[in-house]
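Sharing a structure with you now.
Residue numbering begins at 1 within each chain, and the chains themselves are lettered A, B and C in the order written.
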Amino acid sequence: MTTRFIEIMVGAFVAVGCAALFMLAMKVSNLSTLSSAEGYHLTAYFENIGGLKVRSPITVSGVKVGQVTGIVFDPDRLQAKVTLLLEMDHDYFSTDTAASIYTAGLLGEQYIALEPGAEDETLKDGDTVEFTQSALVLEEIVSKFISNVASS
Amino acid sequence: MPNPDAEPLVEIRDLYFSRGANSIFKGLSLDIRRGQITGFMGPSGTGKTTLLKLIGGQLFPSRGTVFVEGHNVHALSRGPLYALRKRMGMLFQSGALLTDINVFENVAFPLREHTKLPEQIIRDLVLIKLEAVGLRGARKLMPSQLSGGMARRVALARAIVLDPMMIMYDEPFTGLDPITKGTIVTLIKQLNNALGLTSILVSHDVEETMSISDYIYVISDGEVVESGTPSSLKQSSSEWVQQFLNGYPDGPAPFHYPAPEYIEDLLLGR
Amino acid sequence: MMNWLQNLGRKGLLLFEGLGRAAIFFVGMVGGLGVALLRFRLTLREIYSVGVLSLVIIVVSGLFVGMVLGLQGYVNFAKFNAEESLGIFVALSLVRELGPVVTGLLYAGRAGSALTAEIGLMKTTEQLAAMEMMAVDPMRRVFAPRFLAGIISMPLLAAIFSAVGVLGGYFVGVGLLGVDAGSYWSQMQASVDFSEDIVNGVIKSAVFGVACNWIALYEGYDAVPTAEGVSRATTKTVVRSALAVLGLDFILTALMFGDI
């Protein structure tokens, strides 16, 4: 067993290992999907975000265009402030775009759906989405339904 | 002929060592003189190998001191101890060659670890030492391909490759055929005289040890029982020494392991 | 009763003695890491024997584990019409748990036992003592390079295991059972976070690498220098490494993902 052979084999091993790590990073994880360097941020305020989480997807017509990067409670507006990160090439959202929180399937993950409006001007980095619709909370719907039935 | 009054290289003073509840040395004191071959003899299990490890600083005594060249071995910090060890060679009973490299690399090992000599000089030095033990032709063999005697000779070449001031031999004759034994005896003698070494020889092979040692210590039960030149030892009045030197099966050292009376023991089974 | 108490006390003392010796051994080994880095050629040899030689078993096991995950996942997700979640299931199980843990277990069996046997044999044949007498510190020359090699190899092996496993799941789920390839990958990417999942998986496998190599090298170093002693030490290595990997995995999982 020559030193050269060992060196070549170890080199190959390290290369394969690094390739595997690279694959895990780029193909399996979200590293390739979006980094803040190549996207722009928007802000949206919601009365209730339901089960929305950081990293929840943002879609347009069901197509993923970005993800949630931050959720905090804004004490001035008494609303949840959600930071959205959108991919650079999706820069066509008009200023009257509406953001709604929906649930994928009956029990699935929650996500934000954007619906572009009719204005010509588009949203820029740091802008706020004015029209928002909060998450539907099952208990609220049920209690509304019950009180409606009771009062009628 | 080595000077019988040479100054001591190794001085052992009042050495105590025990392993668990077993005390191995009980106040051992002796000198090993420069340029001589000093033999240590004694029955198996008297801690002869332990003595070598104590001199080499691999084991620590519970009391007493070992001076090598005036340094207290067990008070040295790591750096000076390692520097001292570079000047001590040790030949282990099994040879203790590194099994994953060949003969040449084994002998070159101390050079590669401790020096930054160019490859050509390392090659020359290794071949000189291998020639000295008669194994220059075996340099490409792996340790597993060597016989016991050859492995010991390679180990000897390795022990002298850094030109030490002393070599410790741990049971160098055990398990060898008469020819190989003769070879090793000659080698030890030759190396000691040619390189001006101090040799410490631990063995229970009476004949070989007597034939090459300048001075002999007989150790039993953790103490020096008798010491002297080989010829004076033969005249020893101690019955025990006579039994050991001549190999009588029974005497002061009993043939039987301590046991109850034989007849009683047999009757007990009834 | 007294006897029983004495026995307990003695066992306790032995346990502490063993732990203490292992800790001192660990510190000595870490102290030698600088030399292992400087003389990287020594480490390279060891990466070959613990890393490269473990590659076959890691790749084959990874492939099969991934394929089983693909099959099991598909069968169960199909009940809820959620086949497209297969990618998430396969990737998260591999990256977070199975990759590091199974690699650690296989490593203990393949490389750890070999390390213990090698060191034990070196001790039995007095090679370690001979090195010490040649003023060569075995901690630096023998143990530290092997330790470093293990720590380098383990995360790479775990990454290879996970990557091959994801491909195995893809092969079964997409290739054989007809899950949509696009949703396999995109769902995976949407749910697997780089810093949270991949990096934590790498950290886990590095920790397992430290534990497995520490155990394997220490058991060899501490082995009774006889043939029987070495074989016992080898067994101990496999058992203790496996327990260490599983125990550490629980602790690390709780710290990383458990919000405890």
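Just so we're on the same page, a contact is a pair of C-beta atoms (placed from the backbone, for glycine too) under 8 Å apart; a residue touches a chain by one contact, two chains touch by 3 or more.
Since the model is a prediction, treat every value here as computed from it, not as a measurement.
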| item | value |
| --- | --- |
| Centroid-based (C-alpha) most distant chain relative to chain A | B |
| By mean Cα position, the chain sitting nearest the middle | C |
| Inter-centroid spacing, chain C versus chain B (mean Cα positions, whole Å) | 43 |
| Chain centre separation in whole Å, for chain B relative to chain A (CA means) | 76 |
| Computed distance of Cα centres, chain C from chain A, in Å | 36 |
| Chain C contact footprint on chain A (complex, rising order) | 3, 6-7, 9-10, 12-14, 16-21, 23-25, 27-33, 55, 57, 64 |
| Footprint of chain C on chain B - complex, ascending | 53, 56, 58, 82-83, 85-86, 88-90, 92-94, 96-99, 109-110, 113-114, 155, 158, 162 |
| Chain C residues within the chain A interface of the complex | 41, 44-45, 47-48, 51-52, 55, 91, 95, 153, 155-157, 159-160, 162-164, 166, 185-186, 188-194, 197-198, 201-202 |
| Residues of chain C that touch chain B when the two form their complex | 121-122, 125-127, 129-137, 141 |
